[in-house]
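The same chain A turns up in both complexes below, where it pairs with chain B and then with chain C.
And now, the complex of A and B:
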């Protein structure tokens, strides 16, 4: 394998890993408390919602990769796919909170919505940490979905075209690297996060450092696998 | 418009419809067996002295367990398809009609085995809190859990089968998705679980589990574990819960997944059509790139519409419901 290709593979895997970590911190994750309307965000775990979004993006990205060889277009297709998934999920979750449980979307971490300037605390139920998906959280989740989808599709493209993996293997390897980074981010988040306005978002640099280390290792392993096994993949 | 393109759009709508059914049943299956996030309250109930007749099945997070069932079903179906398809040349759909239900049945049986061990193991661990294992609860819920899981896995496996053969089915084999059937099952298994967990759980966790608490507020931390144990008639089990959630939570969850599949496939197909990619398929040319660009632009328009929709909706809800007035 040419050294340029090796550097490209490792480089794109590292960029993908870092974007995945950043995306995970932007997604509004409420975990189990959100299912009871006790915390703001989406009622599931970080890794689970990220995987769902990236999978959706990867499905479209893989289709696009069969007829376009542009790195940017394949990655953007994945990014938009994941964003559509996140946007629909957050919107429908709000509908369910509002019409199923009579709950108003409200942030528990800020007094005033940083984007729409709507007051938050008068609408909040006492002894809860917010509920539903308010506007600032929705926008943060949209950006997070975009970055996560871009990261997944970028790694898929690099593995497919530079490491010459088959489509199925490239998808599985890209997802595996993605999951490793998402789990690291989940450890850093520790339960719930609302998005870029959450105080926990300040912990991001530590997650980026560990993501860099893990992605670098993954990139080297991919290069070794592609070099040693050659066209057998 | 050429018939291949019309067929492609028709199959896309079939996939979206199957997705709606799949996610509706996925949510109801998680309500029927109490899996995922709201099950933390069922788990907690016995520990705070609330002995209950709930089914307590926490196999794993919904995405992972559904991915497992869908991959199992997909792999068995794929293996059987390879065996059966040479037997019926020219009429491969006959092989699919036989292979997919057999694969799904195997996955359903695995689900029921996991449900039994998960329920018995969890409740046995609560012996110190005087929570008994009600055998009628165990026996009475296994078949409904299996039935719901069968519907979910069947629909997802059908979606994976159609997508991996969508080109062949519409007369243009080059359009088949590059992923194999089990991998597509894995992808949609994870996604259906992620959506069922993030959207559908709310109706069960925030409303049905705490129905004797005030309506219209987030459930306070002091309520946690003190779930509603009595039904409209008698003592509540999961059967009462699935019936309730089927009226709103299940269909909304199904609509979420259906919309995602519809938007994703629709924007790709319309992008291909607008870019001039269909039905000639000049891959790796400027036409292919144009198809991708149109798909991305359409996707961004959908995202923008949803963002504006959420902005308007949140504003409307806040105005309609007003500030918190309880104590």
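And now, the complex of A and C:
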């Protein structure tokens, strides 16, 4: 295999890992408290949300990759797929909270919405940590979904076109590397996060360092495997 | 005059149906499962049921690692660490399958173990980063070792499943039969379940290792059944259709036996089982 391709594979895998880690920090993760309506976000763990987003992204990216060789087109289609999935989930969560539980979407971490400047604390139920998916969290989650889908599709593209894996193998390996990075980010978040305005977002660099190391190693493993196989499959 | 003691000491209730104590300790379990799994994964010509026994041991090992890590509270739920193990397993299996042809003697593929070792190293690195004070600082005792074991167990499990499904560890055969047919997605999820579900289902203040392990064996039985059907569908086994049928039969037996044992253990160990009848409706 040419050295340029090797560097490209490792580079794209590392970029994908870093974007996955960043995306995980931007998503509104509510965990178990959100299932009871006492925390902001979607009512499940980071890993489940990230898996759902990247799976949808890989579906759209793989469909586009069958008739296009453009890196940007494939990656963006993955990003769009994941974004649509995240937006639908957040929207449906809001509908359920508003019309099912009768609570308004409100952030628990900030007094005033940083984007729309709407007051948050008067609407928050005492003793809770916010409800539903308010505006700033929705925007943050949309960006997070976009980055997560982009990361997954970028890795898929590199494995498919530079390492010459078959489509199924490229998808499952991209998913695996993505999952490892997302889980390191999840450990950094520890439970719930709202998005870029959350105080926990300042812990991001630590997760990025860890993600960089792990995805670099995974990228080297992929390059080694592809070199040994000699582009056979 | 006899004085009755203030507190009548109750006898410890004897625990029935819980004789599943093989091997007693976590380190021993890791060594035994690792060595047996590694030996079975090299000999690809074995019948599927023997490989299935190796798979069962390896999955039990992975479940043990998940259990001893999640005991301290991860903050993101037990499933995350099980998914991590399987994700590492796929990458490790890719590495192992890529080098499998080197040093191959007939049906023996000793080189696949390179993938297991590489993934152990990557698991160790991620454990150091996750536990390190300067990095994510999880502060979980022995997280490094647990992540290393998870990577190795996940890799061995995926390799054994590929070996069961294709009858060899040839990269082209595995890609055509397992990856491109989409079976890998099922294996991914079922491996995750076998590793994360037992502890996720049983966790609590009176969680007991033996009971959790019974649940893990029961899920392995289900995986055998799934693999058996997949083998019959693919028709790649050197022993013909009998291999797949035996997998299904043994899988069903394992599932029935251990599911009964698990339910019995739960019934025995719960504080009290009270039948309250149906809830009355107001009419």
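As a working rule, the second predicted complex is superposed on the first by the 230 of 233 C-alpha atoms of A that agree within 3 Å, B and C clash if a C-alpha of one lies under 4 Å from a C-alpha of the other, contacts with A are read in each partner's own complex, and residues count from 1 in each chain.
By our rule, contacts are C-beta pairs under 8 Å (C-beta built on N, C-alpha and C of every residue); 3 or more make two chains touch, one makes a residue touch a chain.
As the structure is a computational prediction, the values presented were derived from the model and not from experiment.
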item	value
Partner chain in contact with A:221 - chain B first, chain C second, else both or neither	second
Touching partner for A:87 - first (chain B), second (chain C), both, neither	first
First (chain B), second (chain C), both or neither touched by A:186	second
First (chain B), second (chain C), both or neither touched by A:206	second
First (chain B), second (chain C), both or neither touched by A:107	neither
If touched residues of chain A are counted for chain B and for chain C, the larger one	B
First (chain B), second (chain C), both or neither touched by A:38	first
Touched partner set for A:51, first chain B, second chain C, both or neither	both
First (chain B), second (chain C), both or neither touched by A:172	both
Intersection of chain A interface sets (partners chain B, chain C)	31, 45, 48, 51, 167-168, 172
Parts of chain A lying in touch with chain C, wherever the complex brings them together	31, 45-48, 51, 166-169, 172-173, 175-177, 179-180, 183-184, 186-191, 206-207, 209-210, 213-214, 217-218, 221-222, 224-226, 228-229, 232-233
Interface residues, chain C side, partner chain A - complex	74-77, 79-81, 83-84, 86-92, 94-95, 97-99, 118, 121-122, 125-126, 129-130, 134-138, 171-172, 175, 179-182, 184-185, 188
Interfacial residue positions of chain A with respect to chain B in the complex	31-32, 34-38, 42-45, 48-49, 51-53, 55-56, 58-60, 62-70, 73-74, 76-77, 80-81, 83-85, 87-105, 116, 118, 122-128, 130-131, 133-135, 138-139, 142, 167-168, 171-172
For the chain B and chain A complex, residues of the former touching the latter	36-38, 40-41, 61-64, 177-180, 183-184, 187-188, 190-191, 193-195, 197-207, 209-210, 215-224, 248-249, 252-253, 255-256, 259-260, 263-264, 267-268, 277, 281, 283-284, 288-289, 291-293, 295-296, 299-300, 302-303, 306-307, 309-311, 313-315, 317-318, 321, 323-324, 326-327
